[in-house]
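The structure appears right after this line, and notes come after that.
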Amino acid sequence: MVDLPSNETAPAHPWENSPVLAVEHVFMRFGGLVAVNDLSFSVGRGDITALIGPNGAGKTTVFNCITGFYKPTQGMLRLEHASGATFLLERMPDFRISAKAKVARTFQNIRLFSGMTLLENLLVAQHNTLMLASGMTILGVLGLPAYRNAEKKAVERAKYWLDKTGLTARADDPAGDLPYGAQRRLEIARAMCTEPELLCLDEPAAGLNPRESAELNALLLGIRETEKTSILLIEHDMSVVMEISDHVIVLEYGTKIADGTPSEVRNDPRVIAAYLGVDDEEVEIVEEKLDQIIEGAAS
Amino acid sequence: MEVFLQQLINGITLGSIYGLIAIGYTMVFGIIGMVNFSHGDVFMTSAFIALIFLLVLTTVFGMTSMILALIIVMVIAMVLTSLLSWAIERIAYRPLRGSFRLAPLISAIGMSIVLSNFVQVAQGPRNKPIPPMFSGGVTVMDSNNFAVTLSYKQIMIWVVTAVLLAAFWYIVQKTSLGRAQRACEQDRKMAALLGVNVDRTISLTFVMGAALAAVAGTLYLSYYGVVNFSDGFVPGVKAFTAAVLGGIGSLPGAVIGGLLIGLIETFWSGYFSIDYKDVAAFSILAIVLIFMPQGLLGRPEVEKV
Amino acid sequence: MAAEGTANKHGPDIAAAVKDALLSGLVALALFGPLVGLRTEQNIRNELAIQQRWGLVAAIVGTIVVGRFLLLTLVWPAMAARKQHQSTIPDTGPSTLRQAVSRWFAPASVVFLFLYPVLIVSALGFQGSLKWVDNFGIQILIYVMLGWGLNIVVGLAGLLDLGYVAFYAVGAYSYALLSSHFGLSFWILLPMAGIFAALWGIMLGFPVLRLRGDYLAIVTLAFGEIIRLVLINWRDFTNGSTGISSIPKVTLFGIKFDASPDGFAKMFDLPISSAYYKIFLYYLILLLALLTAFVTIRLRKLPVGRAWEALREDEIACRSLGINTTNTKLTAFALGAMFAGFAGSFFAARQGFVSPESFTFMESAIIVAIVVLGGMGSMVGVALAAVAMIGGTELLRELDFLKTIFGDNFDPSQFRMLIFGLAMVAVMIWKPRGFVSSRDPTIFLSEKKVISGSLVKEGHG
C-alpha cells in the first residue's frame, strides 16, 4: 500500500462507507510500461469524484479499466448498485459494463455518431431497452404497438436530456454539425440516456470557454441532485475540480499520491510538487499554495 | 528425402516470386495504408511486357543469347511497369488521397479490372506460351528412382531475386528516399512540414513496388513459360497473403512471408493434393489475419480509445 | 501536372496544357505502344508471333493527348468555376423541385417497374419482349437485390465484405442440389436457401467480425474464394467445374411454365412461348428485391438498424453504450447473407444451371462497386448504380452497328468489363461518396433534415 500521509491524520471519509465503485490494487502494464501502479480508491455514492494528475499520469487508462476497454493486469474493480447488486468490472466485457453494471462514459476526443441526428444519438444510447421492447427486432418489424410505446418513451427521455443540455432546438441536426461545447454536452446527455449508476467523464471541460464551463458545472451538479448518479471525472481545469467535486484523487506516474477532499488535496505538498511546472494556470494555483505553506512553516 | 528436397527447391523458387510481389503490397500499405488491389494485375501486365519484348528481341532482331535477351527484357519491363504504376497512382489513387476510406480501395479494384481486361482485349484471351529459355540444371542428389534437380532457371531466379533485394534494401535503408519513405510512414503531415515531398515519395513507392513486380513478372514468365491475362489475381492474393503473414508494412517480413507461402504451396501440392493448394493459401490468409493480424514481424496494433 | 492548380486562377494556361498533354501522350505511347501495337498471336505452328498495329496505337495516343488537353483547358477550369460559383451562393437547402423529385422518385420507379413488362410486351410483342425482360429487367433486378442485400452490411453496418458472392453461391447450390436430389419445390427451397446462407454468414462472420479495416475485406475475400474453390474441387458433391444442369424451374401454384398440357400456355390457350416464364420470373425477382428493400427500410427505424449505423459511425462509442457489437455485426452479416441466398436460389432457378464460374471474385467486386458507387446506405443510389453499371454494360452487347465501323471481328461486348472498371475508377474520382451520399434520418422531432454525406462516416470494418 502506498504511504499516504494526508490520509493518516485525516478522519475517515464518507466515501469509504458503501462506495459505488471500489478500485482495489489495480495494475495496468503495457509491455514494460507500468501505466497504473497498485491503485486503490473509492468513489462515494452520489459524490462527484475527480481524478486529476499531470499528463501521462494514467488517468484515462484508469477510465479504460473501469469501463472495460482495457483489462487490468491485476486488481479488482467492484461496482455496487444502490439496490445492492455488485459487479466485478475486471471480469466483464466493455459493453456489459455499460449494459448491466450501468457505468456510462464520455471520451476525451469526443465520440459522437456524427452522421446521425442528436435524437438518433440519444436513441442509440437506449438500444438495450428498445431492443427488448422490439422483441429482438421481430415484433418491431411487424409494427406491434408495444414497440411503438417503448419508442415513444425513449423519445421522451431523449427530449428530457436534450432540454437539460439546452440542445432541443437542434434535435434534428446531425451531431457532427454541433459546435464543440454542444458536442461535449450531447455526449453527456447520451451517456445519461443509458441511466447509469456511475457516470465517467473524461475531461468534460476541455476546450470549453468560461461560460460553457460554468454551464457544465451546473449540469453536473444537476445530474447529481436530480438523478442521484455518482460522477467520476478526469479534469485538468482546476476551477471545475475545486468547485464541484466532493472528493479528489491525484495520480502521478500511475501511482496515487493524494486522496481526499478538495481542501485536503490542495494543501498536500506532494500534489503541489507534482503540479509544479505542469500547466501555466495550475502553476499559479500551486505557487499560491506553496506560498501559504512556506508562510505556515515560518510562523 | 528426395521429394522433400525437390519441393524445397521448388518452394524457394516460387516463394522468391511471391516475395518480390509482396514487397509492393507491403510498401504501399505501409506508406498510405491502402491495399493496392491492382498490384497483382500490374505484375501480370509486366509479364506481358516481358513476353512482348522477348518476342521482339528473338523473332524480329534474331537475338540468340538468352541471358542477354532476358536482361534487356527485364530492364524494359521494369521501366515500363514502373511507368504504368506511376500513371495508375497518378490517375486513380492520388485524387482520392485523404477522401472517403473506401474510395481508393474501390478505385484500385476498378483498376485491377481495367488492367486484366485491357490486356485481354489488347493481347487476346488465350494462353501465351514461349519456348523454354534455358534447359538443364544441376542434379543435386540422385537416388535410384528420383533425381533432385536444381534447374538453371531456378538458379537464375534465386540469384536475380537476391541481387535485387540487396539493391532494394540498400535504397530503403541508406538513401534519402528511404528515409523520406519511413518518415511518411510515421506521419505524413509532419513529413510534409519538414520538407519531404510526400506526393513524390508515394509515387516512388509505387514505382519501386512495380519495378520489383516486373522482375517477378519476368521471372514468372521464364519459369513457367506461359502467361495469361487472368494470371494477376491469384498470385496477387498469394503475395498479399505473404505480406500479411510476414507482417504488413515490414519489408523483411514480406520476403519471409513470400518464401513461406511458396514452401507451403509446393509442400501442400507435393504431399496432399494439388487441387486444394489455393484453398491452403487462402486458409492461411484467413487464419493469420484472425489469430495473428500483426504477422510474424509486424508491430501489434493497440486500440486507441 | 502542375497545370491543375494554376489553370483556374488566370484562365487556362495553354502552353502548360500543351506540354502536359504531350507528356501524357508520351507516357501513353510507352505503355500502349508495346501492349497494343505489338499483339502476340499464335501462328499455324503454334508459335507466338508479333502482329503490329501501329495505327491503333496512334489513334489511342492521339485521343489521350487531345482528351488531356481538353480536360486541362476546358473541362477542369469549367468545373472549378462552377464549384466556386456554387460555394458563393448561400446554401438554401434543396429546392422544392428537387425535394419533390426525391420524394416521388422511389414510388414512381416502383410503379414503373411493375408496368415495365406490360409496356415492353405491348410495344414489342411477347417474342420481342424476351431480351428486354430477361437480359435487362431480370439481370438488373438481381443486382439491385444483391446490392440492397450487401448495402445492409457495407452501407449500414460499415463492414466491407468482399466475399459476398459466396452467400449467393450457397443459395444457388442449395436450390440446385436440393431440388435435383429431393425434388423439393422452389417455394420451399427459397426460404431454406436464405436460412442456409444466413447460417454460413454467421459461421464465417463469427471469427472475422472483430477484425478491423481492410483486414476484414481481405478475409471475406479469402472466404469467398475458399467456397468457390471447394465448389470446384469437391466433385462428388457439386459436380466440380462442370456445374449442375437441368435444375427444375419455378412453378406458380403448381402450374408449370412449359409446353405440357397442364402448362401455363395451354391452360390459358396462349401460343407456346418462353416469354411467360420470363415475365413471371421478372415479377418474382421484383418482389424479392422489394422485400429486401422493405425489410431494410423497416429495420433502419428499429434499434437494430440504428445500432448498425451507429456501429458504422463509431464502434467504440457503441460499446460504451452497452451495445453488443459482435451480435450487431453478426445480424447485419447474416441478414445480408440471407438476401444473397434468396437471390442465389432465384438465380439457379432462372438459369437452370449453376457452376462455380458464376461466383468469382469479380462478381463480389461488381456488387461492392454497385453499393459504393450508389452511395453507401442509400437504397435509391444503389438501385441507380445497378441500373447504370449492369444496364450500361448489357447495352454494349446491343451495339452491333459498331461492327460496320470497326469490321466484323469487332465485338463490343468484350469491352464490357473494361468499361465497367473504367467507370468504377471514374465515378470514384468524380464522386468518392457515390451518387447519393446524403443520409435520411430515421426519426425526427419537428423537421426531417437530410444529413450531408460529408458528416456520415464509412465505418472501419
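We just call them A, B and C in the order they show up, numbering each chain from 1.
Convention: a contact is a pair of C-beta atoms (placed from the backbone, for glycine too) under 8 Å apart; a residue touches a chain by one contact, two chains touch by 3 or more.
All values derive from a computational prediction rather than experimental measurement.
Of all chains shown, C has the CA centroid lying nearest to the centroid of every protein CA atom. The chain with its Cα centre farthest from the Cα centre of chain A is B.
Here the spacing of chain B and chain C, counted between their Cα centres, is 30 Å. With each centre defined as the average position of its C-alpha atoms, the distance from chain A to chain C rounds to 46 Å. With each centre defined as the average position of its C-alpha atoms, the distance from chain A to chain B rounds to 51 Å.
Residues of chain A found to touch two or more other chains are 69, 107. Touching of two or more other chains is recorded for residues 316 of chain C. Residue positions 303, 305 of chain B each touch two or more of the other chains. Residues 27, 30-31, 34-36, 38-42, 46-50, 160, 207-208, 211, 214-215, 217-219, 221-223, 225-226, 229-230, 232-233, 316, 361-362, 365, 368-369, 372-373, 376, 414-415, 417-418, 420-425, 428-429, 432-433, 458, 460 of chain C are the ones touching chain B in the complex. Interface of chain A with chain C (complex): residues 67-69, 94-100, 104-105, 107, 111-117, 119-120, 123-128, 130-131, 134, 137, 140-141, 143, 147, 151, 155, 159, 168, 171-174, 176-177, 190-191, 194. Listing the residues of chain C that touch chain A in their complex gives 295, 298-299, 302-304, 306-307, 309-310, 313-314, 316-325, 331, 439, 441-449, 451-452, 455-457. Residues of chain B touching chain C in their complex: 33-35, 45, 48-49, 51-53, 55-56, 59-60, 80, 83-84, 87, 91-92, 95-96, 99-107, 109-115, 117-124, 126, 128-131, 233, 237, 240, 244, 275-276, 278-279, 282-283, 285-286, 289-290, 293, 303, 305.
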